[in-house]
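Two complexes come next, and they have one chain in common, chain A, joined by chain B in the first and chain C in the second.
== the complex of A and B ==
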């Protein structure tokens, strides 16, 4: 019998003759593992604390608002529910819980992007038929799914309660579904941005601090400037300034495109032209970090 | 106080790339003040004061202090080089006192002085806002130095501990629950801005000015003494 080509020693082991799975299966399994790791599943007990604690705290405001809707219904005051702005301001929810969302992203992005680069295990991933782009997109997809889950599940509970409380369902539905679009854009931006910082710093502790500082300090600067611009009735300054933080930029996109109430009274209402501009800005916020991330991973895997 | 430790501290603070972060934030503060001054014609002095309170006291002073604390204390604990200082025959309170002096100096140069300059840019010398911003910056910086060095030595993963303390306690809880103002470095700074400046319509100070100054001093001294005691009780063998 002739030896199969390219075999140096045949010491009699049985070769694998089954069907080999392709890139799709590898990507699916990487996605599932990454998603589980975002919530600390399959990791140590300590790393389950932060994700589930944040999810629990995120539930509180949504449950309180839902409870208020039930209470209004019980008191036969459902018709007056639209007098209370916060009860239907769905995009206000991710806007005002931005600290929690930031902490979640900052804690989980390094898990997905920093550790593989730090310990050079990244080369093991690329020993499989998995391209750099697919790796980055799958990891990002897992982070996006996790972030979307912690924001959208509380909002969905709140909306479901609102539908049973006989309030103005038209307004509630409009605000809820437009806010959902906003949440999708927002989590894409947050995931891409925090993933980029995690991949650039590579040290987990430093990456967490860097992500929190980058997002919260810009948020603080933007809020202070918005306050000053609002006080001095300078609408253009407010519109320009809002582009420099993901939360305000996406809030402006949602209010501009769908004419829903703004989550922060200091945010000036954008015109149609500005709404288009914010769509471009949101796209830059997403594509820029993804591009940097791809370059970084490509460079790491080239070594 | 110990001169070699002061010198080492200065070198490790200003001899690294992250000194640029320390410089960037005050520059952003002054730059934004120039921008606001030139763009916003309808801006009142009260708006300027609240901008300084939100951005200066709320962000620049704590973040600059945090960066300095992290460089001088956290990284030495993390890489274990603190042991070379602790094995020298120097009082450990003096070690931490010297480090706190450097951090305070950095916070004054990077936080308080830029606040004074920003106030001058925003409203000129009217209403005493420049002096108010400078003094408030000094007081808030002193309080933050005490709090951050205490947190940095007591907690593990202390960069994160300090950050979360700043974000959750100073920025979130103190704005939601009003009695927390008695225990928040940010409101002490705010009080001094409001108490010293004579700008009309800018709101009352949250706590009395004298209390704010005393509280900040207590925070600084207590922080240094607490860390000194903790370091004194630390033995080099059990690590």
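== the complex of A and C ==
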């Protein structure tokens, strides 16, 4: 009797005998998956719309500024003088696109922090090698990277064009690299804060609304108060008020520490002491939410 | 060899003592862990996974202390929680593969094992559908798949048959049986239904109030009672006739529903039963050994049922 061809044999269960990866490789795998999920990759088709749309819109102002830089030397001297300030104010870019950045963070933070809590998948992660703290930090790292990418890539294009244009590259470089430091601090704050809100609200829709409201309402109030303080020449009020929104707080940190132009003329220039205070404030903005996030996730570990 | 050993395990919460000097051994194979809600089963699982540091005593899982080697323990242990834990917006194939990688399997191995394990649990065709649309039975299979995908040496199953209809429950029990006996993965399965564990578990542990109440081989608990049940076919009341005839021949017998239960003291008693049925001209449907059920064992642990002689 000959064996018939094309028969599928049930070879039964075989255990895995290969080498298992360490926690470092597992963390890297989680980081990569989380980063992909931030841009809707590996998720449904419609979840790609918001991240890529925001990235595209974020590119527009940077490209316009870059285009103006190329044309700058053809303009009159007075126009050149007027435009040079805005065209080298790199931290003004994340400051004025804060609505887009907020929407991106609001849409993606729940993907990383609310889903696992809502579906209680978190328990399955905790029954695996990664520790709870590493899980939170890796997720946070992915959100930080995604936010940094959508801000820094357009800025880098703008800066690259500036380097080839007929402008003072010294000032451009100084403003760009100091702004980059500011962007790193800013995305750390935004990621930690939106991650915390997402983990606390758990429901994705609610989290999106809560993050946008929390960031935009404080921004509106702070901006209004800054205008009032500027109008009444009350510098101290302006300095205090700016601490209550991530965007103004980090802007003050950057202008104070690196003496770069403020993205908003209403922001009073901080002294060295205030610059130090803003460094502490920025740290509080980062560590406070991270701490709450860790506590929240730890509590959710109840099987 | 024991896969889990605990020694005087104590877990004291501010107001409750969840584990109270718990000393137990879970051997290789399938072990049933029985206990009412709040008996300390989940706390025990958390301690075994290294997620909770016991306030007293110690545990060893696969030879490692989960309090100090949590990551290594979790790498070799699978866990299937009682509650829902599957994201609704991903397919089982994607999810199980991701979970395999989260346990440290390289990508290619994770992919290969995912399809293999999903086939073993019987989720072959549906594996690319979003899990939100799964039935309870399919969800339980997916949960089981993620618990064994990384080829663990021990898998902890928390109430795996909860919410299943009788047929799915049967399937799940056969799966557990295969995992424990064919796949070579030791299984610790909790359930509040003793009858289920009787079928699939080799070993039974009973926990109550955070303490070990009882631990023994299932066969020891459900060993034969030395009685047989006899079913005969014939006119109404024929069972009583048989019972009477048996008693007249000095055999201890008593009615049990429409059947007769007979104490078998000597092997010849079985011949006597056959002869009596033949003499009365009745049909002998079956002679079956009577086993204790686990329920019986736990309801009345000490005293065997006292037979009453039919009159």
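Simple rule for what comes next: the second predicted complex is superposed on the first by the 276 of 303 C-alpha atoms of A that agree within 3 Å, B and C clash if a C-alpha of one lies under 4 Å from a C-alpha of the other, contacts with A are read in each partner's own complex, and residues count from 1 in each chain.
Basically, a contact is a pair of C-beta atoms (placed from the backbone, for glycine too) under 8 Å apart; a residue touches a chain by one contact, two chains touch by 3 or more.
Here the structure is a predicted model, which is why all the values come from computation and not from measurement.
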Chain B versus chain C as contact partner of A:233, first or second or both or neither: first
Contacts of A:213 with chain B and chain C, given as first, second, both or neither: first
Touching partner for A:165 - first (chain B), second (chain C), both, neither: neither
Contacts of A:186 with chain B and chain C, given as first, second, both or neither: neither
Residues of chain A that touch chain C when the two form their complex: 12-16, 18-23, 25-26, 29-30, 33, 42-44, 115-116, 119-121, 123-131, 301, 303
Interface residues, chain A side, partner chain B - complex: 99, 103, 205-206, 208-209, 212-213, 216-217, 220-221, 223-225, 227-229, 231-234, 237
Residue ranges of chain C in contact with chain A within the complex: 42, 45-46, 49, 51, 70-72, 74-75, 77-79, 81, 83-89, 94, 98-99, 101-107, 109, 113, 116, 120, 146, 150-151, 158, 178, 182-184
Complex contact set, residues of chain B against chain A: 25, 28, 32, 36, 39-44, 46-48, 50-51, 54-55, 58-59, 63, 70, 157, 159-160, 163-164, 167-168, 171-172
